[in-house]
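What follows is a set of structures for review.
What follows is subunit A paired twice: with subunit B in the first complex and subunit C in the second.
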Partner chain A sequence: MPVTLVKERFPSKVGEVILGATSEQGGTRTSTVVVGGDNLLPFLHFEGKVVNRPVIAMEVTDIVPPWNEAIKAQFGDVLDNPAAWAQKCVNEFGADLIYLKLIGADPEGFNRSPEDCARVVKEVLAAVGVPLVVVGCENAEKDNEVLAAVAEAGAGENLLLGLAEQDNYKSITAAAMVHKHNVIARSPLDINICKQLNILINEMGLPLNRIVIDPMIGGLGFGIEYAYSIMERARLGALANDKMLSMPMICTVGYEANRSKEANASAEEFPGWGDLAQRGVLWETLTATALLQAGASILLMRNPEAVKLVQRNIADLVDAEVGA
Partner chain B sequence: MGLTGLEIYKQLPKKNCGECGTPTCLAFAMALAAGKGALDSCPYVSDAARDALASASAPPIKSIKFGNGSVLGDETVLFRHDKTFYHPTTVLVQVSDTLNDTDLVAKVEQINDLEFDRVGLHYGVDGIAVLEESGDPTRFAQAVKVVADHTEKSLLLLSDNVAALQAAAPAVAAKKPLLGNAAEGNYEAVVALAKELALPVILKANGLDALNDLVEKAQALGYKEFVLDPGSRKPVETLANLTQLRRLAIKKKYRPFGYPVVAFTSKNEPMDEIAEASIYVTKYASAIVLKADEKGFLLPLLTLRANIYTDPQKPIQVEPTLHSVGDVNPESPVYVTTNFSLTYYSVEGEVEASKIPSYILPIDTDGTSVLTAYAAGKYEPEKIADALLNSGVADKVGHKNVIIPGYVAVISGKLQEKSGWKVIVGPRESSGIVSFARSLSNG
Partner chain C sequence: MIIIGERINGMFKDIGEALRNKDPKPLQHWAVKQEEGGAHYLDVNSGPAVPTEERPEAYKWMVNVLQEVSKLPLCLDSTNYDAIQAGLELCQRPALINSVPAERAKIERVFPMAVQFNASVIGLTMDKKGIPKDAENRVAFAMELVAAADEFGLNMEDLFIDPLILPVNVAQEHAPEVLESLRQVKMLANPAPRTVLGLSNVSQKSPDRHLINRTYLAMAMAVGLDAAIMDANDDDLVDVAATGQILLNKSIYADSYLKVFRAR
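On to the complex of A and B.
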């Protein structure tokens, strides 16, 4: 006897955000990336259409990053050259986006000037054709100067700029409005602050389809379940037509997963935990694949081996020929 | 469809004896209405009432127990934020009966060793699935016996050949293995065997419609200890089937699908297989059968399982005793934080990253973060002073400086007075600890 399936009919969908701009659109990207747009829970093809598959933004930093050797070795000699590094991410590893993190701006580190940062952004823009995500060094005051310079240098490129936070969103939102970019709105695992921040940014005049939510995830083993549930609630909220939760979500997977001991400690140090080559890659991979099930649209990733695994996982899940 | 608590209450004996484990009949009725608990725990319910309530009071997904403490099913929600997921996905690693006995023992011992300790938790692989691939019932029975003799873990005996199951199951029935597969062609004989030995059994069919037919027919044999396998072996199909089975059971109380579900992976390369299995851990598999059998593959998957099955209403806590990071010495700084695991491990991670050996003392705040604890009066100077005293840290360091979270800078004076320690106000967020620690040690 045929079973009557339970198909949800959602009144709304996740909002679409377009990243990047081609030459016809006033930029220099060879292609754009569209995220969001789904009117279903993740990958349930019987319920609707997976309009835009989730994408991977590979992390590039403006100075040589303090990452573990297993990851650094996969990039060879490009880590001191953001443009060449970004090229490698796109050409060799198939990155959909580049997530350029300007940690060199940190006043307690290299303290690079906003002009230097903007120059790095231009170099990366010249080196690759994919759209760019650009974030600062997480020093609020400095980031406001840096991102203003970046927004101007990248005018027309329809960048995704971050991070706007509850106590520091005005100058980055203003910069994005003037130069027509998108903004990452970051809230600390709290759905009410998340909504509130989207409202504040929107009230300044930035349209909702120019905002991407960063729910500030925890990595595998370190609070991923909080992010998982906040994201499921946000996705359900978006589908139920809550416009202030309807933005696509970006998850800083590579950063969070790789700061854990489990992704870095050798088997000699922790014999009970098994081979680091397997464990480290899977730590980042499962942080990504679990959050895909909760509704992630953009995954910031770091380890090329994990990127490969997640690309295949996504391909398996967006295959609409089956499961209909 | 389900009855309300009051409707159920009318049918109960109203003795308020508490023998069911719930203090009053009304509370028991409410628990039944919520799909938790079983009518059988009431010793006085009348047969007439039992019949009337049986279908309404049964949990939406039957609890199936097998092996060494493995519990499948008995879930009540689709999203963990609605309440919680109760029974963590049972993870089984497969072995083939085509291995010779020596190799089989080596493999079983390797699987036995798939246990882990991290962040104060202990978790491991739950069971071993013995696959009949030899085509030889005698060999299968022998292999099952060898595996059973060398492991304490739960067992799954898997063959499409009823003769193989008949040969292997009786000798290990005391270990209460899960049997499989009962399918369209052999279900009568396999279910009869399961019933005779009182073992749970997997019903396998290709797709939900066929599975529905098979369950109805198998139930008609007078047995209900079932685990379902919808037959799909492609991730996107398995995700769809797992979701539909859970939705039909929970939202529609559709009885034929009110059983736990087992998922099988399709990928052969272990890293891909673990990524695939992570889909089924998040989305509704009660059990997963894997090929991967090395620690580096299993720790990430079992960690995800532990995370997803954490009760969202009960924050995980760490022991509120003195913890040390690195090779501590009398000059090591002393940090206080809370015993909410996320707070504690964020602090620990950053202290570790500072590369300065340190002590961390988590205060017992019932697993709340610094600000929540302070607002609730659980982060008072008196309490912190007591904790400092009781921790014995004073005997371990040659100074009396304690670092407190920046968010509670306001308690500095009082804490200094109560404890006799000099209070240093640390950063508000743990992310500020590295630069804070460096400036502290340089200054």
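On to the complex of A and C.
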């Protein structure tokens, strides 16, 4: 007996956001990235169209990061040189975007000045042709200064700036509006705050197609199912024409997956867990692939071996034919 | 919740006069004002202000002058189907036909026209003999309309069943029957037809109109009301619609939900 597929038709779609600007568009990028635009639940090809494939933003920090050796070793000697590091991510590992974290600005750490941070951004912009995501050091006060300087230094480049949060979104939104950038709106695994923050940012005058949602996530084994369900609700909201939830989503996979003990403890310490290098790759890969299924459009990733696997997964998902 | 603004109706003095004088201003004023209030559709009814034979021309004129100022889809409200067809031919967005009773000849006139113009239809749970007293007979008429949608190829979501609420000050016993009808209509098909009420009817000539409208809207939403022809500029009433959507978990809560319900 033939089985009829039950197909859902949705009245709306995820909004599209364009990142980066080429020379004709007033920037210096050699290519731009478009995310969002889908009118279906993730990869259910028989219900709609995957308009833009998900992309990978590889993580680069302005100072040498405190990561484990299994990851660091894959980058060789570029970790103290953000421009060279970004180049390696694009040329060798095929990153679609660079996610530059200015952790050196942290007042408790290197306390780098906004000007120094802006200089690093310019160096990375000069070194690669892909669009940039730039976030601060997660100290609200300092980030407001740093990101204002970054927004100005990167004027015309159509950056994705973060992080705007419910109690600190005004400065970054203003900076993005003045210099025509996009903003990451981060909410703490909370769909209601997620929607409210989008409303507040939009009320300041930043158009909805300049906002990307960071729903916050948990890595594999650390609450990923909460992230999954929040993202699913946002996606369903977008498809049901809730304009205040219709933005594409970015997930900080590399950061969350590599915070876990499972991605860092050696095989000597936990013989049952197996080789760390392989385990770390799988931990990040599985976090990423699960969140792709929940509707992630941009994945922040760290481990080049995991990036390779997820690139293959994305290609398979996007090209998948519907089974007969 | 779909709000169909009721104000462009020849029964209102300003609209009646505008129709007689071919003055587009009052219609356009209410189109903009109702959209600001939260309307998703504009009901358009010439009422008795225009003689029957002139109605097709009048509906063409109304559709044109409204589309000059508003992007909202129109709900063409008349018992004169030639007038509705004349209006449909000019509608730039899929319209809503208001309305057809469960009478075979009228069904045969209206359903194919709806399909042809990609319009939705409001189906009334009544026939020549009038409005049933109870839910059971209302639902029986609804079933006839559902079967007709199937027969003529109208998507079930494009059929809006109106179980016909009557003024509470003279026909109180209908109010609970209509609620029961709404509940049952949603179970007639899968996907279910949608539901609509001419909400203001419930409070005709009562001194506490606004309170009665608000209360009944909340009650009806809870049992499956999808749309209402109503006063889109009664802010408290629109707030009830927005809040009902939140409490039914149909849209996601945010502190500013009232504001975004009206934003387009």
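Brief remarks on what is shown
Everything that follows uses one rule, which is that the second predicted complex is superposed on the first by the 318 of 324 C-alpha atoms of A that agree within 3 Å, B and C clash if a C-alpha of one lies under 4 Å from a C-alpha of the other, contacts with A are read in each partner's own complex, and residues count from 1 in each chain.
The criterion applied here is as follows: a residue touches a chain if its C-beta (ideal position, glycine included) is under 8 Å from a C-beta of that chain, and two chains touch if they have at least 3 such contacts.
Predicted model, so just to flag it, every value in this text is computed and none were measured.
Within the superposed three-chain model, A:G237 lies in touch with subunit C and out of touch with subunit B [touch as defined at top]. When the two complexes are overlaid, the chain among subunit B and subunit C that reaches more residues of subunit A is B.
Once the two complexes are laid over each other on the shared chain, residue contacts for A:L309 go to subunit B alone; subunit C is not touched.
In the superposition on chain A, contact of A:L282 is made with subunit B only, not with subunit C. In the superposed pair of complexes, A:I199 makes contact with subunit C only, with no contact to subunit B.
Looking at the shared chain after the overlay, A:E108 reaches subunit B, while subunit C stays out of its contact range.
By the touch criterion stated above, A:L245 is placed in contact with subunit C alone, subunit B being left untouched.
In the superposition on chain A, no contact is made by A:R53 with either subunit B or subunit C. When the two structures are aligned on the shared chain, A:K122 is found in touch with neither subunit B nor subunit C. When the two structures are aligned on the shared chain, A:K180 is found in touch with neither subunit B nor subunit C. Counting contacts by the rule stated earlier, residues 233 of subunit A appear in both its interface with subunit B and its interface with subunit C. On the side of subunit B, the complex with subunit A involves touching residues 79-81, 116-119, 208-209, 212-213, 216, 234-237, 239-240, 243-244, 247-248, 251-252, 254, 257, 270-272, 274-276, 278-279, 281-283, 294-301, 303-304, 306-308, 310, 312, 342, 345-346, 349, 352-353, 431, 435. Against subunit A, the residues of subunit C that register as touching in their complex are 251-256, 259-260, 263. Subunit A makes touch with subunit B in their complex at residues 1-3, 5-6, 41, 43-46, 108, 138, 218, 220-226, 228-229, 232-233, 236, 259-262, 267, 272-279, 281-283, 285-286, 289-290, 293-294, 305, 309-310, 312-313, 316-319, 322-323. If you check the complex, the residues on subunit A that touch subunit C are 191-193, 195-196, 199-200, 203, 233, 237, 240, 242-245.
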